[in-house]
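Take this structure, written in structure tokens, and hold onto it; I'll ask about it next.
Should a chain be cited, it is by its letter among A, B, C and D, assigned in written order, with residues numbered from 1 in that chain.
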Amino acid sequence: MINVALLGFGRIGQMHAENINKNKDLRLLYVYEKVDRLCKKAKNLYNCKIETNYNKIFIDKNVDIIFISTPTNTHIKFIEEGMKSKKTIFCEKPLDLNIDKIIKTFKKVKKYRPKIQLGFNRRYDPGHFSIKRDLKSNKIGKLEKIIITSRDPSPPSVSYLKVSGGLFRDMMIHDFDLCRFYLEKDEISEVQAFSSSFEPMYKKINDHELAVVTMKSKKGVLCVITNSRHCSFGYDQRVELFGKKGMLISGNKKVNATELYNTNQSSSEKPFLNFFIERYSDAYKLQLKELVSLHKNKIHSRSTYEDGYIALKVANACYKSLKLKKTVKL
Amino acid sequence: MINVALLGFGRIGQMHAENINKNKDLRLLYVYEKVDRLCKKAKNLYNCKIETNYNKIFIDKNVDIIFISTPTNTHIKFIEEGMKSKKTIFCEKPLDLNIDKIIKTFKKVKKYRPKIQLGFNRRYDPGHFSIKRDLKSNKIGKLEKIIITSRDPSPPSVSYLKVSGGLFRDMMIHDFDLCRFYLEKDEISEVQAFSSSFEPMYKKINDHELAVVTMKSKKGVLCVITNSRHCSFGYDQRVELFGKKGMLISGNKKVNATELYNTNQSSSEKPFLNFFIERYSDAYKLQLKELVSLHKNKIHSRSTYEDGYIALKVANACYKSLKLKKTVKL
Amino acid sequence: MINVALLGFGRIGQMHAENINKNKDLRLLYVYEKVDRLCKKAKNLYNCKIETNYNKIFIDKNVDIIFISTPTNTHIKFIEEGMKSKKTIFCEKPLDLNIDKIIKTFKKVKKYRPKIQLGFNRRYDPGHFSIKRDLKSNKIGKLEKIIITSRDPSPPSVSYLKVSGGLFRDMMIHDFDLCRFYLEKDEISEVQAFSSSFEPMYKKINDHELAVVTMKSKKGVLCVITNSRHCSFGYDQRVELFGKKGMLISGNKKVNATELYNTNQSSSEKPFLNFFIERYSDAYKLQLKELVSLHKNKIHSRSTYEDGYIALKVANACYKSLKLKKTVKL
Amino acid sequence: MINVALLGFGRIGQMHAENINKNKDLRLLYVYEKVDRLCKKAKNLYNCKIETNYNKIFIDKNVDIIFISTPTNTHIKFIEEGMKSKKTIFCEKPLDLNIDKIIKTFKKVKKYRPKIQLGFNRRYDPGHFSIKRDLKSNKIGKLEKIIITSRDPSPPSVSYLKVSGGLFRDMMIHDFDLCRFYLEKDEISEVQAFSSSFEPMYKKINDHELAVVTMKSKKGVLCVITNSRHCSFGYDQRVELFGKKGMLISGNKKVNATELYNTNQSSSEKPFLNFFIERYSDAYKLQLKELVSLHKNKIHSRSTYEDGYIALKVANACYKSLKLKKTVKL
């Protein structure tokens, strides 16, 4: 049995706890959390040790995997601790909002080579992954364009938005990483960004409601990402790969395969699965399964520290492009 | 230029006139019609000769093609006249409601071998035909089942229904023929029928609102046909061919490829094309094109007198099955 | 915690064990199984008691629910035992192949009113159930037709087929029940059947490869069921409800929402989920959840002993229709 | 009868001739064309007057409509002639490649207010127009994003490409105009462009194989256009409108509603209609119908000279953005 210590029992932490609990290879040994109410909830649900001093967790030899889903500005600290105590590490995105902190720790990561998996869940989605497999097996020839649509059903709270790092670092970072997943050895070299806000709130907190980013890779692949903080018809998640010989689409998943036909229309109810926990539930399970394999040295990580670093670099380039109204080189 | 005499300028006759007029190989020379108002309409639209004595049409050497869309009980008479005067003949379905009349004339047809095309328009539909081509090129292996759904958007007038010959001879006759189109040399050998009526009117006139017929061919292919005299969501026309190695579907055609997504649903407006004139508009054009080729001796007829005869035999077997509550052999 | 004794650890029993094990309200206390290899497997996976004498299970006061997935001819015996010892009972379909045995026990069932849930899994499928809910909320008006397509990806072994009771009692029994699920108080009153076999094996064992059954309810609803023992493109499961004001479809579920477009075609890989364990995985979970509620007296059973009895009566009527080549009244 | 003089009998001119010939309100009186072979073809097909001196056409009082489908650099000249002789004018896009010429003539257009229809065929497409109607009837609330995909099945000849004005002026000009069609009073205010070429030929002739343009309107609507000069799976034409309350899509039209299911996949043949003549055949007919109404003073033009002017301004801004690697203001 592999023992897991989960740091952070917020919304996403709770989902990870549930998946860890259901995974037959894993045992949820510790939950580290500061909010009392959440500590009780964790205790109730999983009968695990509740720890408010994280040092005790890192020195406990029984802990195999550290699962980091605490606030973003603590990620790097816990990765450092995990490295020191030679744990296998899972860390939620983004690594940090401060690129310098990331770079500093990157040096140690390159030296000590810990087993780290970044929480870029979309890389593990069966649909998004299946079109990557088809791309690699040459079903559409040479890749020429990547078009990603990603829209959240509704925005998080204003208090969350204020500390989130902004749309590009918090939300579109998934899409930057997903482009890189398909680009493989090819890297993003130039970036252009546009944003727009219709709700006045976004301007007040200096964030954006909608954004479109276009990017060009070294080999000339064009990438288009469109994001929206709201989407009345659900969690809209689509990827389109256009190649010399064809096109691959990974589309939205529907709740049911039911249809209604009447005098006015043919229709499907509730078009899409509501949000990431439902839409990417399979992805989260596969991600966890790979974490187990990573821990057992059976595979390389599908989403590395470096992936987390570069995704943030791209996000920062977008802010620069927005500000300077220029194409920004990476 | 090939000269056409159109007999009957009712709803379907008017559609044929329009198609004849648009076809570059054809000239609409005569319209034979007894209703004054319709004669004027024909004259106005096509500036053709209006004739109320059909004999003059059949003896006119300039007439190449006789187009029969008069009431059903006159079809056989005009086919006989057409044969005598060696015209190329198009005749609307059904041939007649009296099988004995059909058999009697069939002997002459076999002897004189006129060029006849029956109005089984679905044989000419690009979608329905494309799955036949795929079936023949072995895309689904050996044919095992044919499933046809055919629903009219709304019933014709009661006065029409009373003289129509009933649902099996008037409406489902198209589907019997379409099954035979896919079965080719294999023939229908056994028939079972069920019907149902929810609107009281149908029982009064001794007709049926809905019907399901199952048939078995000599080689064991199962055929299922479901018909309805009403369909709130349009003209529902679907064919499914199930084979040893796969399935082919020829589905409904939509007006536009547009979709609306909102909070409650994803939907398409006006699901299907409204009725046969719109749904089978391409079929009618291809049918006419083949009539020209038939006239020029370039091809054999795709829908023969014999096809019209056998489809009526199957319809009659359905009535027998309904009455006797038995499987009826053909 | 509710304790479950699972009788029978074959293919379907193993799936039930897995679901019982994952359900937080249930504990798998016993597995009753005669095959040694399977007993070991059960012990290994679930660390439960293995019992080869079923009497010990029924007298154990700790057992709350009896889960019957043994061979068909033992179902009635175990239901009787369960009734006597006042257990909550789940029983796989069909109840038995001998209608007289079923009727005899039905009298006791009516008297002692045990909590019984029959394994008609499709009643619990979210898609099939969602169109029933829409039907009841009048989205398509008065129900007029039910059309069910059900095709297995490939036939079971010949040895299984020989004792299965035949296509109508073993396979189409699900579809008879599903029609009744939508018909509610209305009952099936007449039946017609056709069958066909292309593989010679089916005739040797006196079974059928394909079948089409049409039925009429007391109120005049027409039902069409088509079954096939093989289906090259997967487990084909579709339900269509046609009503006065519209149509509802519960279609096939796809593995992924991915598409490939190339020079020749647009396509989706692996069209459907492979077989009942995958296709109806949600249904099995919901069925189990309802069994818990039934045990706690919170609900009535969605699939009763009577449902199991009538479905077999319909299956028997189909055999009679086939043999006599007649419409058979129920 | 309204008399038409068609200037230019190339590929697109021939299509217009065919549509003019089929329109019952119009007569093709003249064809002006310099290539001998094409003059003979026009004469043969339509038995119209062939004229190589365009002056004779403009002074002929019988000519009502001038249809300009000559090479781009002659458009402005013929518009000027048409204005002088008070003809109703249809002109193919683009107006010209030289913006100064366009501006100069624009002054006269504003003064003399001729009846002009620009050949922006997509504005007349039933699908693209139907989502505009839905947008205006508030089906998706306030418009926030427009996403257009437009890919040609294969590039035109190199000789054509050399004089075409380049991808932005020749091809994407349709999409700039289509954005403006949905934006209505709101105008495009900022532009960013990226392009890429994989075939070496494009760099040689200083053109682009693929391009992505993002634009922002004065009110903050984000527009994304992706173009490709090749598309292995046909003529890919999609429009997506994203609004506060929903999304509208006008998708690709398929040849047939047929599907094949087999062991590996479900598929549709020949995904899309091949090219603009087939895809926009209904649009061309509706455009011509509106030209007749415009001539009769019944409506205002749906696609004006000004629309042609602004679309070219946007195209020019794209070149500037590409060159300067900056966001360009309009």
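As a convention for this text, contacts are C-beta pairs under 8 Å (C-beta built on N, C-alpha and C of every residue); 3 or more make two chains touch, one makes a residue touch a chain.
What you see is a predicted model; the values in this text were computed from it and never measured.
A repeat of the A-B interface exists among C-D, B-C or A-D. It is C-D, with more than half of its contact pairs matching by residue number.
For chain C, the chain whose average C-alpha position is most distant is D.
Centroids of chain C and chain D (each the mean of its C-alpha atoms) stand 58 Å apart. For the pair chain A and chain C, the distance between C-alpha centroids works out to 41 Å.
Residue positions 232-233, 245-247, 261-263, 269 of chain A each touch two or more of the other chains.
The touch graph of the protein chains shown is complete.
For chain C in complex with chain D, the touching residues are 232-233, 261-271. By the touch rule above, chain C contacts chain B in their complex via residues 141-142, 144-145, 147, 149, 151, 190, 192, 194-198, 210-212, 214-216, 220-222, 224, 226, 228, 230, 232-233, 236, 242, 244-247, 325-327. The touching residues of chain A, when paired with chain C in their complex, are 22, 126-127, 130-131, 134, 139-140, 245-263, 269.
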